[in-house]
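Below are structures written as structure tokens.
Shared between the two complexes below is subunit A, which has subunit B as its partner in the first and subunit C in the second.
Up next is the complex of A and B:
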């Protein structure tokens, strides 16, 4: 038996937002693959809370494309749904790769993209990828809804810009941020399943002939939050992605990262990965074998 | 607080009044006496507690019992026919020597059942991935993967 105080299931976003806003003891639970595990270890942030279930809110799970070609992913969409979704596979392939790299099948069947973001982990596989797509997050509260760039959402380890009474309801990606781009995501971990990334690297590249027109690089676990490697992105623009250029680019990535030692890996090892993985990811995105 | 739920378990409808803090695993084992589903790690790492909910494999130890409301749950007890005839996957586990202590077997049979429903012709790599949420501390996995591969071959006429 889990030691929370109560569980209610919201049937609409309004109902969830009211319940969360009106009770400082309330916490959101989606697939439970983080919350219930924290409860199992009696994490004080969750013991005795009033849990608000959101996974049965109609419309909160699923992927849709509007007439402009902009894509909306409901916060309660499971990793399995994302991995197997036709739109994601066609337009946001690297997001599908990231979703498919999480946990094992049972975890992916219940864990949600909203939970992956809202728990604030720097290792969240989908978070790094969403940064490369310049995704925006839809947040609801009692006064309505607003959008926030995904790059402003994470504020520190386990911390995100969500106030009590606010609910992350969707992730949006504009057509201009995926059309003509090719992306890839490399999760470096000790095991190929049921593991947390030692380092995650997402890239999204748009070519103009043989020259890089635009490049976006994002990392997980290269700092306290998922982050973009802005200096390396600037460096790459207008260049031919030769082996030498990619090698230089890998080193420039270190200008924006703040890797640290943890029991999973040493800082020096992470920094080695920070220089190597973007090269592999870019080669992969451009159709190579990733052995740059 | 207790909540009324309607859940179908192995084809049988149950109207139950459950403590909302209960996991689906506790509901199955303690309230319905379906003890084939095992508790291993309790945190979704080992897959010993895997069951099917609306055909999808989930770890029942980290799945609230109330989430099963209006859903169909299949446990290892519902995989064999009512007369006790084993499913082809169960039979293949026996034939392939994929069982030692047996603690992980119910979860692995569930995971394999879901895998072959979704991917009727999996490669060996896809089988490994499909079973990656289940730990076995005895067999070394090779014979488990053989068992699933053999079922797929037989089902596909080979």
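Up next is the complex of A and C:
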């Protein structure tokens, strides 16, 4: 009972971009785990559209490493692929964790990282993690392609910087943004599976001996978009990650977050999670059990 | 058992078909030229529909017809799947098939019939209603307040019923007490979440009558309610129940069938299908009653209960559905769990503009067990008395009469469940670990809770069940029952009862997937954990009758007195010599084809049961509470049950584990809630309504204490609902033990537990 006007499949990025640019009624569909749900619930922004399938475009799925050691993840790469990919496991372990936390196996087999980002949800598990890796996003349109930092992509709930005719084709992570770092991701949800994050917390830490050389913290659901906790990151640099320092750091995270009350969770509870989860994520990244 | 069929884990007869996709559910059954229906739902929570504009909707291509209340009978009907009562004061007749008076957000105000499901859905969106809005009430307090608008005319203060049951004299009991405890407990709205949504298809059959294929737990009752709702003789309807993907009581109400038949009537008898969406099922079918309990308990210093006063206010939502029976049932539960010399139990059932509460697995007992067993722990902790000692001292004794209806509790092994379960759970070792773990962020706790239940509905209601057995040409037996297999495995259990009685292996008895009111013997259906108990009695009697007929036929054909004949392993045995006289297959050929004396062998029994038996049990739970995040992790849980003799251990364990899983959801996650500004349900989808997943439920322990109940077939008592009665209470008690303070409402979500911890630390009362 899906109310769409047509479905076509693109065989190349150019073909997809042409189809999207030439038809204001066209919409991208990849794995469909968001689009079909919105169609089923008869979301006006999705009903009656011409759906452009992109998952079978050659080269749009998969993980590759170039000679510089920079990593490219195709936008149509499924969560299962990411979760089980050798490069991801070795270099971007927290991204694998985030991908593995989404839905159940069936969803992870079809849902894609590109869709997770382009859907624009603040709760997208991979989005917060990608912020910690300073990922950049490759976007194609009729005039070619350009890159955009992942932190500029989300503009509001369900909103991203993609114009009609533009297609997110890949996520890139530079070697300097993962080498020597250890990351972790904690998805806080009521259930252990098949759930949406009440709060997501990704950290990426680089140590210099026993001192934090660099720390990146990103949250999902701590504001209208995934966001970084810049003040806490600045505070952490050069410090020994003792329990006391981590506690302080957790509280400083609140300077950058904008949690609110909703029927899903109270603001006070989200803010408690904002102060607690980074401490645990950092301990986990550094090899502890995560219970700070 | 002599034939070793009872007590054997016989594989369910339908297991292979279900796993391979050969089992046909309502939506799988092909029906010619079917149209599709869609309900138009109200966008306000309370008010009158002033006008319905259906013009745009009628123009949607594929739309055949749109029904409004004006097209349908004005007579109201009752939706509860209770047996018809010849006495006054039964069910509340308060429902129209479609309504122009909206009592809850999503109430059914019109219905579209179209060529495709999509056309029906598109048209339903285009129906425009204009309303006169009235204030809506999401809480019982608001609904009961003076001046509140009556949801149903004449229901003063929206209190559907207000009754009191009592034993002894509570004031005297309180005077005898050394300590008095008072507390208040609150449960939430939860929903059944059966896998198969409500679905039905109706059409006019060759003889002019109306056939309705439906996923219903109560086909025979459904037929009667169709007659009442559509103002026609009951025999004009034929209800067919195919395989069912779960019901848990939600399909013990007649919800969509009258509309589906009315839709078919509106299009000249052409078939019309209606399948609800999951979101509709969650919010707009039936839910569990949220109940607020106030308890006042008097106890002597050595821990004996002298008096228990309880006040229950039960939220039934927009319509009566099962009426007052769920709230009222609590009196019997309280007074059969503990020996309470002086008890008074008042219950009120209140109408609100929320999801309509009806039957749900446990029928009010999970709620009251939470309230009773939370209070029990409060008392134990205040008296510094062991949880087990207090319970053993106060449990109702075996053989004692039910204080309110006088039926003796012939078997009651709740004390054995407590002591054997405690050992099997490893309580003492786990408790030592929990007590040694009080300083950190993560804290452990253990909890226990006991429950009492009643199989079947005697003496409050009719208890009738039917079975027809026919010996086939090869000596196998076809079993027809009016009982309703809804996934619980009752058909397989009934096969075992027939096979054990007849003296044949289980695979020689064939069940019937379909219950068809034209064909199946009369039985009121699946509820009250009654199928093995009440239908089992009918099956056992029919099997005994068929066995007697077989032996008499054998006497005729083999010239041996039936007095010395018996059946073992499908052979007729001469009990004096031990010789096999003939196989049932050989005898069957004579009964079908002997020119002179052939007479096929059948037995049909309608059994009116005048007993009740009491399944009892205990849950043990071990949890970890994260005091920084409020997360409760269930580490282990065990249910110990006295359900009498267990007919099929593997199926019984499946029932218990499923019920325990539902109990985890009731305890920790599930809560259907509403927008206070609009009255709309907020989380009627399985993303936001948190039923547990396999990842959230640990390995579950199951233990059966098996007295031979003198009333139940082969000593069995009910087991369908009992597994869900005590887990939430035990989990709550474990959480409180871990935290060192009490939380008195469900569910114990991380947000709520965190808020309670924060309030406790700041010295205030936890306002949860």
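What we mean here is this: the second predicted complex is superposed on the first by the 291 of 292 C-alpha atoms of A that agree within 3 Å, B and C clash if a C-alpha of one lies under 4 Å from a C-alpha of the other, contacts with A are read in each partner's own complex, and residues count from 1 in each chain.
In the analysis below, a residue touches a chain if its C-beta (ideal position, glycine included) is under 8 Å from a C-beta of that chain, and two chains touch if they have at least 3 such contacts.
What you are looking at is a predicted structure, and each value in this text was computed from that prediction instead of being measured.
In the superposition on chain A, A:145 contacts neither subunit B nor subunit C.
When the shared chain is aligned, subunit C comes close enough to touch A:263, but subunit B does not. Touch criterion met: A:193 reaches subunit B and subunit C at once.
By the touch criterion stated above, A:23 is placed in contact with neither subunit B nor subunit C. Of the two partner chains, subunit B is the only one that A:33 touches; subunit C does not reach it.
Shared-chain residue A:109: touches subunit B; no touch with subunit C. When the two structures are aligned on the shared chain, A:87 is found in touch with neither subunit B nor subunit C.
With both structures placed on the common chain, the touch criterion links A:7 to subunit B but leaves subunit C unconnected.
Counting contacts as defined above, subunit A residues 1, 3, 41, 104, 192-194 meet subunit B in one complex and subunit C in the other.
Chain contact summary for the complex, subunit A toward subunit B: residues 1-4, 6-7, 9, 32-33, 36-37, 40-41, 53, 55, 80, 103-107, 109-110, 192-194. Only residues 117-118, 121-122, 125, 279, 441-442, 628-630, 669, 673, 675, 682-683, 686-688, 690, 692-696, 749-751, 754-755, 758 of subunit C touch subunit A when the two sit together in their complex. The touching residues of subunit B, counted against subunit A in their complex, run 1, 3, 19-23, 26, 42-45, 47, 50, 56-59, 62-64, 66-67, 111, 114-115, 129-130, 132-134. Against subunit C, in their complex, subunit A makes its touches with residues 1, 3, 41-42, 104, 188, 190-196, 198, 263-266, 268-269, 272-273, 276, 291-292.
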